[in-house]
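Below you'll find a set of structures to go through.
The following pair of complexes shares a single chain, chain A, combined with chain B in the former and chain C in the latter.
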Partner chain A sequence: MIPPMIRDATIFSCLLALLSTGLTLTYMTTKVPNFAHGSFAAMTTYITLILVKILKVNPYFSVGLGFILGGVIALILYQVILKPLLDRGASYIVLMIATIGYDMILYSLINILADYLNRTYKISTRLYILKSYDFRVFHQPCIFIVAPVMAVLVIVSLYFLLTRTRFGIAMRAAIENPALAGVVGINVNLTYAASWFIAGGLAGVAGALLPLWLMCNPDIGGRLIVSVFAASIVGGLTNIYGAFLGGILIGMAEVLGTGYLSLTVGTWIAPYRPIIPLVIMAVTLLFAPTGLTGIGLRFLRRSGKR
Partner chain B sequence: MIEINGLNAGYKRLHVLYDISLRFEKNKINVVVGPNGSGKSTLLKSIFGLTTIYSGSIKFNGVKLNGLMPHQIARRGIAYLPQVDNVFSNLTVAENMLMAGYTLRREEVEERIEEVSETFPVIKRYWKSKAGFLSGGERQMVAMAMALLRKPKVMMFDEPTGSLAPKIANEVLEKIVELRDTLGIMIILVEQNAKKALEIGDKAYLLVGGRLVFHGDSRELLEHPELGKLYLGISG
Partner chain C sequence: MIPLALTFIIDLLALLGIFIIISLSLNIEFGYAGIPNFGKLLAVAGGAFFIGAVPGRVLAYIYGLLKKYDYIDNNVEVMYALGKILGTNPFMSMAMLVVSLILAAAVGAILGFIASYPAIRLREDYLAITLLAMAEILRTIGYNYKDLIGGTVGISVPDPFRWIGGELRLALAASVIMAVAIIIFIYVELLSRSPIGRTLRAMRDNEVVAEAYGKDIVKLRMKTLMIGSAIGAIGGALYAFLSGSVTALGYDRVVYTFWPWVMVVIGGAANNFGVLLGATLFVTLRKLIIFYKSNLQPFLPFDVVWLEYLLLGTALLIVLIYRPEGIIPEKPTHTLGKKRLEKIKELVEAKEV
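Let's look at the complex of A and B:
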């Protein structure tokens, strides 16, 4: 029998890993901390709600749709807002504020959608959870199997995309040196747009799976973004594999830490859960600002394996 | 042939080049020299679509290049080797070569790599190494091999010998001569070491303060009684 706390931590950390991997990918391309990343996921939580409550179909159909919707939302942010600003030489502060603005737009749209669904279909669209619609596999909720499988599948696929395909290597090249990438004939804008689409898609997948385990609300993006940033920073912000590990680490620490503190100090501590990722983020920035990636590189250098 | 007429260019509001008109010739080493900050690198970047062009035109074999993106200019057969960061440090030499042939078909890339490795054997020696771990000279050779892979009609070098040991710098310049002699590529060479560059060059262009003050044969500039001394530190 797997303890519920371990199960919860596994699901949350895997979904967080999807989110932090995407956030890091966008940061690597445009060097903009994207504050709308949580809302990409929040938007797709409603796809699952619509599929389950209105269309009465398998909730896991939302994974593919979530990927596409998340990708499109991210692509709009990059292509319609950030790219024109970048072309005009906007500073990173301006770009960051632009992502906050886009986040506000998405948040408003999610609220409009929630109200529309609530009034038209008479379904609960705030503080809803779809746990009861999940299947059970080996006496466990299916999400407990799907979330880790999805996380592993995503990181392995990304590895193969970035190291084994011409377009993936072009993405790495354009991220490292956009000027030289242009020189060799790579369409840098296309590779960046693809990175944003993939990043948004990953957030969309995480969002589509979230309602099967977590209480969802239109503001879930804002609640998640602290953990997502913490995971990306712990991962080093410039390495998607580091971000993936950061997501697993922060997710585990957040759920297990809160659970352990609730048992020892009392349940009053539970609302202070976001402090855990913030503390880990602060400690990382103070003692290992390059995150897990930097620690890994230092270790490799010491052992002489460049 | 590259023909530049009345070019005024710079970076956003920073005007660097003033009314430049010149022609770079086929099958020749065209050397662009001048003191620091004279706009040599900006001239190359302007040809490659990396600056703001206020007025004037740049034509390659009669086709206007102004307004094209760097990747579109690269596809027209012009290769540009920047002064620094001219290889992808985090990619292996193999991946760098693959990226160099990004606009070609995969089979064609493999074929070209075999051909290019005859001129630059360094690429096969360090095939699986990350380019960032190579020495300056080796990196320069990889950068040249990358440019050559695309069978360019024009290769533009921005200070290829900068920060290299004299022996390695000579090897790099010898390779440039070899590219002209064996492949007939038009070379545009921006070089801080003006004397060495003019010695291997055919045509020379002297930029001072963003303006063209001399163009003619390299030897002529090398032996010019005043210009070399005044602007290039070449003692007669």
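Let's look at the complex of A and C:
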């Protein structure tokens, strides 16, 4: 028997890892923290809702659809909004404002969709959860197996993409030094667009799986974004494996920490859950602004000298 | 009897004053100093929460109401009693208003300091993320910690404008808000022309050069955020007094962070008149949308408010891409007057000789 708290923590941290890996990937390419990342996921939660409640099919079809929709949304942000700004040499502060503006557009579209579905199909589209539509595998909810498998699959395939394929190596080169990569004939814009598509896709997958375990609402993107940023900052913001680890760490700390504190201090503490990622983020910024990977590298270098 | 059209305008002016204050504070931070404060909500909510939590409690303590009632659980009774007292005592009302605003500004400055501390030494994007996260946390605390401002239910605020009575209350509130807005406008305008204003622009345009000339970037940023947050908190406090109650849910990222950003960017960053124009355009447009909402609603299968958000987001992006300097662009820095320059020149020459 697996304790429910562990199950909670595993599912949440795996989904968070998907989100923070994507966020870091876009940060590495365009050097802008994408404030719309949470809304990518919020958008695809509604795919799952539509599939389950209206089309009445298997909720896991939404993983593929979510990847595509999330990718397309992210690609639009990059190609239509950020690319023209970057070409004009806009500062990253302007880019950040642009992502907030895009977030607002997505947020209103999500709400419009929610209102529309609610009025047309008479289904609840706010504060909904689809836990009861999940299957049971080995006496466990299916999401408990799918979320970790998906997370591992994603990080392993990203590793192979970035180190074993020509395209991945071109992508890393374009991230490292766009001007030089351009000189040797790499299509920098294409690699960046691909990064954004992948990042949006990962957020889309996480969003598609979310309603099977957590209560969803149009504003879930805004609620997730603090945890996602905390995870990425703990991961160092420049390393996708760090971001993955950061996602797992923050997810575990949030769920287990809140669970443990509710048991020892009292249940009144449970709603203050968002403070945990914030505190971890603040401590990271104060004492190790380069994040987990920064500490890891320093440690490796030091031990290498001996 | 005040005619309906006039009420509409007075209401508009009150709201406009509040958003002018908030967006001017953002203009100091973003326009002049280049700090992307995505946690404007923090300061505004901080000021409003302070008004919800403290002045009423202090007054209730002074008038001995806390012996009989619990401030949160019997909020209605306490406010009724306070309303009677304040309603007949203009001096006490206005004194409470002024003292509360000053203290709210102090609270805002402290919040700005705490929230920016972890990331103040890092690149601005880390700072933006931290401020955004801190604002969300303050909201979470306000929503869940019932003793502060009544949690989910919210709390009433002692009304400093009640003594004038009936329909004139809104007019008095609007004129007080406008007066504060004008004072803050003058202050920000003077600040931008002062040496520190020029230093902030130097920091914004080239941090390394400013540092090379001996400016302490971290200290400057911290000062800016504290001033900006203090002004933002005054805006939030005035809004709390105007609406008569504070609810944590009412303070969200869209209204108190995103809207001021739209006003500043569309109006013209680093130009106070631009910000004034942006706020005026925006608030008037919103008021009109709300006014005509019922006419529009039947044609839409969703709430009109989302259409408004959609339009605002799109407008912001269009301005960013096609006219990044805003409607009224930044003007060159004001220099000293010709006479003063000549005087300085004489002084310098006298010394050289």
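As a convention for this text, the second predicted complex is superposed on the first by the 304 of 306 C-alpha atoms of A that agree within 3 Å, B and C clash if a C-alpha of one lies under 4 Å from a C-alpha of the other, contacts with A are read in each partner's own complex, and residues count from 1 in each chain.
By definition in this document, a residue touches a chain if its C-beta (ideal position, glycine included) is under 8 Å from a C-beta of that chain, and two chains touch if they have at least 3 such contacts.
For clarity, every value in this text was computed on a predicted model and none was experimentally measured.
Residue contacts after overlaying the shared chain place A:Pro84 against chain C, while chain B stays out of touching range. Looking at the shared chain after the overlay, A:Ile169 reaches chain B, while chain C stays out of its contact range. Contact with chain C, but none with chain B, is seen for A:Pro33 once the two complexes are overlaid on the shared chain. Touch criterion not met for A:Ser262: it reaches neither chain B nor chain C.
Shared-chain residue A:Met281: touches chain C; no touch with chain B. For chain A, the partner touching the most residues, choosing from chain B and chain C, is C. In the superposition on chain A, A:Met96 makes contact with chain C only, not with chain B.
Contact residues on chain B toward chain A in their complex (touch as defined above): 12, 48, 50, 69-71, 74-75, 79-80, 82, 85-91, 95, 98-100, 102-103, 106, 130, 133, 146, 150.
By the touch criterion given at the top, residues 89, 166, 169-170, 172-173, 176-177, 179-188, 306 of chain A touch chain B in their complex.
Chain contact summary for the complex, chain C toward chain A: residues 30, 34, 36, 38, 118-119, 122, 124-126, 128-130, 132-134, 136-137, 140-141, 143-144, 253-254, 258, 261, 265, 301-303, 306-310, 312-314, 316-317, 320-321, 324. Residues 32-33, 35, 81, 84-85, 88, 90, 92-94, 96-98, 100-105, 107-109, 111-112, 115-116, 119-120, 222-223, 225-226, 229-230, 233, 271-272, 274-275, 277-278, 281-283, 285-286, 289 of chain A are the ones that touch chain C when the two sit in their complex.
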